[in-house]
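To keep things simple, chains are lettered A, B, C and D as they appear, and every chain counts its residues starting from 1.
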Amino acid sequence: MAEHRFEPSAYYNSFGSYEPELSIAPGDRVVTTTADAGGFGQSGERVAKPGNPLTGPFVVEGAEPGDQLVIQLETIVPNRDNGFTVGSIAPHIVDGDFVPDLPARDLMRWSVDIEAGTASLRDDTATPADLTVPIAPMLGCIGVAPAGGQAISTATSGPYGGNMDYRLVAPGATVLLPVFTEGALLFVGDGHAAQGDGEIVGTGIEISMDVAFTVELRKGIEARWPRLETATHLIALGNARPLDQALQHATTELVRWLAAEHGVDNRAAAHRLGQVGEYDIGNVFDPAYTVAAKIAKAWVG
Amino acid sequence: MAEHRFEPSAYYNSFGSYEPELSIAPGDRVVTTTADAGGFGQSGERVAKPGNPLTGPFVVEGAEPGDQLVIQLETIVPNRDNGFTVGSIAPHIVDGDFVPDLPARDLMRWSVDIEAGTASLRDDTATPADLTVPIAPMLGCIGVAPAGGQAISTATSGPYGGNMDYRLVAPGATVLLPVFTEGALLFVGDGHAAQGDGEIVGTGIEISMDVAFTVELRKGIEARWPRLETATHLIALGNARPLDQALQHATTELVRWLAAEHGVDNRAAAHRLGQVGEYDIGNVFDPAYTVAAKIAKAWVG
Amino acid sequence: MAEHRFEPSAYYNSFGSYEPELSIAPGDRVVTTTADAGGFGQSGERVAKPGNPLTGPFVVEGAEPGDQLVIQLETIVPNRDNGFTVGSIAPHIVDGDFVPDLPARDLMRWSVDIEAGTASLRDDTATPADLTVPIAPMLGCIGVAPAGGQAISTATSGPYGGNMDYRLVAPGATVLLPVFTEGALLFVGDGHAAQGDGEIVGTGIEISMDVAFTVELRKGIEARWPRLETATHLIALGNARPLDQALQHATTELVRWLAAEHGVDNRAAAHRLGQVGEYDIGNVFDPAYTVAAKIAKAWVG
Amino acid sequence: MAEHRFEPSAYYNSFGSYEPELSIAPGDRVVTTTADAGGFGQSGERVAKPGNPLTGPFVVEGAEPGDQLVIQLETIVPNRDNGFTVGSIAPHIVDGDFVPDLPARDLMRWSVDIEAGTASLRDDTATPADLTVPIAPMLGCIGVAPAGGQAISTATSGPYGGNMDYRLVAPGATVLLPVFTEGALLFVGDGHAAQGDGEIVGTGIEISMDVAFTVELRKGIEARWPRLETATHLIALGNARPLDQALQHATTELVRWLAAEHGVDNRAAAHRLGQVGEYDIGNVFDPAYTVAAKIAKAWVG
């Protein structure tokens, strides 16, 4: 159960079967950093190409297709005092005939005060001009190498995880990822100091992060999509367009999970999900949208 | 500010410009009952045709197209000790190739204990067989007569409200509805003792209700979709298929509302909704789906 | 087998269970006229409210829910020398970030030469300014009263037909409509001198028409959606949003039709539709889109 | 203007920046073969991994990002006497509650008679059991290496082309592809002896092919999606889910093309596409669907 302090020297803009940067054993802990979505690091200098550069890949010894990676997210903390967002809602998220009373999208700079736990913006072109929100750090990107030797842009997501932009991929959560290649090849990146449901401006508060997590391995698990376990909930993620299909994937995956691992058959799942199930919209911005199907653990077992 | 005790003798299965059952003045309070979605009333006897029979219409004196009805929901309480659900997830909500390990959908009877605040099910064909959940009463249907003299089935919803099946249409909430006809013609119905996000089995716990609400009138309000105000949130509802379009309508309506009534211009709205905005999925079962775009009042004002 | 010459004096802007304007027997022929989508008649004067005013309803003696109307379209001919279109593509039909090089939509007037069989436009704000296309007259609206006493705007469509805006609803075609109410209550309207696939500017070349058709009745037919038979094809129509769902309805309806009436079981239908099946996009503009699933008669029978 | 006879020894199951198998100059002609979607070649023996194995990549000398490849398809001819299809319609293409009267999908073998120009099936489990259709050979897969060094499965498609499964990618057509990498890296594969609109069983009649094409290069062309030119039509392709978005991409690309290269501004395009534009549905089976927006050349120029 080693601890690896890993300082990235190269970054990838796709999830793919690249040469591993670090080899870890199940049970190991990784302490590392991520650059922001624009490729800027802790110093504010460019360290990577823009477009969600990834830290990794981490090869997990013994991981094989059909296994499941269990990533406990311990620390996700901004490591500098500012982040950026885009200043307008993406056009495909509003009605086609809606014309906003503002010019085209551009970058906004936020001050981030980690001690106070807040992020603040001043935009003199907006009314009101000031906004301070609590930070709630998360990772927009987490995933493994996709099946079949593919290399897929960090713009999007799929069964392998990817750019899911879901705000509960946050400290304390356990992320469970299907393995598609030998060694799994885990990547992380795209930290957000905060992000609303849907990531409707196309960004969270994009910022570089200090990150720590442990990785376990489960052999031979029937899972098709990323899953998440928080203190209170079991969560299955579906990544697809349109939202309807992302929701179908997420719902089906949660139903399968409940049956395979929690002793809740499909009929009992229908009773529970029908009356106390929950959905979150991760993102409706990226090429694949992300929907989370959730059930509080209280109703399961 | 009269109080009307109204016992329905007729029910409608469409939202339409029917003869009003009761005339009320702005500020009045209405105390009434609703039959369940199957047409069964407090006694458990059939009192109406199945398919979300509606109580009403209530004509609101002075209401004209372009106005907005303000309905404060005070009481929504089950008035009998049992309700029903459907026992399987609808096929369009899971992956097309998913075959559940249970036969076709059928009705399940729940015991509802209003004192304890719980609903309980025993289904010996399910594992586990027992489930008890807290009740959280709500109205699946609330709406006015649609534009242009239309009469639209209570299966679906639209700009006029309708069968939105959104669990925050609940006591304490204020529902704001655009007016399309003289007198508005308000209807309520389809009470649920509880309902999960998405109404994915096609029902909440369907039950008859005692209902009380007051109605105010706002003249000349620019609103295109139903809105909701709770103790903590401003919420705009979009009703359409697919989910993507329901979300577009809801987001656009919330942005318009913030600009017109809360002094938040489109750019300030982008900053807020982008980083602390929320979405709920009301239903993904009905012909029109319902998405709720939400902002906590803390970020507005 | 009477022939009825019917000059409309009232028009409806919804498909609904209105008082019949004319009663016809199965086998009868109706010769009538339709106003254009804006409510203008043969003289160019306004004769009806805008928004696809309908001629009808025609009550068909003996028609009951579960039957099927068989409408042979004999004549659809423009009865004046000009029509109108909208001059821009609707925003929801292009990418959200596409900004056209022209101002907002407005009306364009076309000259229609029935002898020559052409429609011509001159638009000095466009390059090129001139366009002449062949006319191909059709009816945007054909349908019966919807189920359950509903009255649904002529903006949209459903299982009852409606504003399907499909260019093969044209002379020589037979339209088959499910019956939902006693007497069926048939309506026609919204003639187009021509219309492209998708009706992507929101109009065809809108024009008043002389129309003639005969109506037969088939008892107890299992049909859920409008169907069309042309000289060469069997065509099932699905009306819904999004396109994916309209296509699901159309495909399923064609598969059911082949099994029920053409001796082609589901497996044989898969072989045929998979390798020689066709789709048309009727409209992607209206609240419900229309997709046509087609099979050449050569492959059936 | 050399002619290259290329016999593939390796095949790829992704479109990616792999080592080129052959280098060609603009103007050159390539004569080669493709394996079928299952990896079987002319002899009927397995020559490649299943899942649309690709012939190529062909590096085009001088091609740079921002250029456009111009591929004239001269010959696409089956090189063996049999092909296969899947025997049922995919579940996501029919209504969720439709249960076909046949068991799960399986492979069907067709006899292909190139002289007669027909493909024939006998399926004793179907009624009728026999079917003979004309062949209309096409390539399901044609594309270049995607942007950013990605390697994307031949299951799907995108701006780079890919598995578009559109039946007009056929002899006589010219395919125009945007270039994203140095040398473009062209691939072809997945021949179909015939295929219906939508590829709704998930296959055409899958067969190995003899293929011949020439490649030209256009420098600095503003194009975002694959385009096609046939004897009669200009066609823009959009690849995305859902259909609505594929149609948006295709329509927008056609409008841009008309403006940039055919002297038809956006308003003139609206007049033409609105009244005489056409759509085809390429596929509704693959992860990205394909829609073709078309205009007859008669209306342009």
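To be clear about the criterion, a residue touches a chain if its C-beta (ideal position, glycine included) is under 8 Å from a C-beta of that chain, and two chains touch if they have at least 3 such contacts.
Keep in mind that this is a model prediction, so the values were computed, not measured.
S.K.: Any chance you could name the chains that touch chain A and chain C both?
M.R.: Touches both chain A and chain C: B, D.
S.K.: Need the most distant chain from chain B, centre defined as the mean of C-alpha atoms.
M.R.: Looking at centroid distances, D is the chain farthest away.
S.K.: Given the two chain pairs A-D and A-B, which is bridged by the higher number of C-beta pairs in contact?
M.R.: Answer by contact count: A-B.
S.K.: Quick one: chain A and chain B, Cα centre-to-centre, how many Å?
M.R.: 33
S.K.: Report, in whole Å, the distance between the mean C-alpha point of chain B and the mean C-alpha point of chain D.
M.R.: Distance between chain centres: 47 Å.
S.K.: Counting only residues that touch at least 2 other chains, which ones in chain C make the list?
M.R.: Residues 92, 96, 242, 244 of chain C each touch two or more of the other chains.
S.K.: Can you list the chain A residues touching chain D in their complex?
M.R.: 13-14, 16, 51, 147-153, 240-242, 244-245
S.K.: Give every residue of chain D touching chain B within the complex, in rising order.
M.R.: So the residues of chain D in touch with chain B come to 90-92, 96-97, 242.
S.K.: Which residues of chain D touch chain C in the complex?
M.R.: Touching chain C from chain D are residues 85-89, 92-96, 98, 100-102, 108, 119, 121, 123, 125-129, 131, 133, 194-201, 203-205, 242-244, 247-249, 251-252, 255, 259, 263-281, 284, 299.
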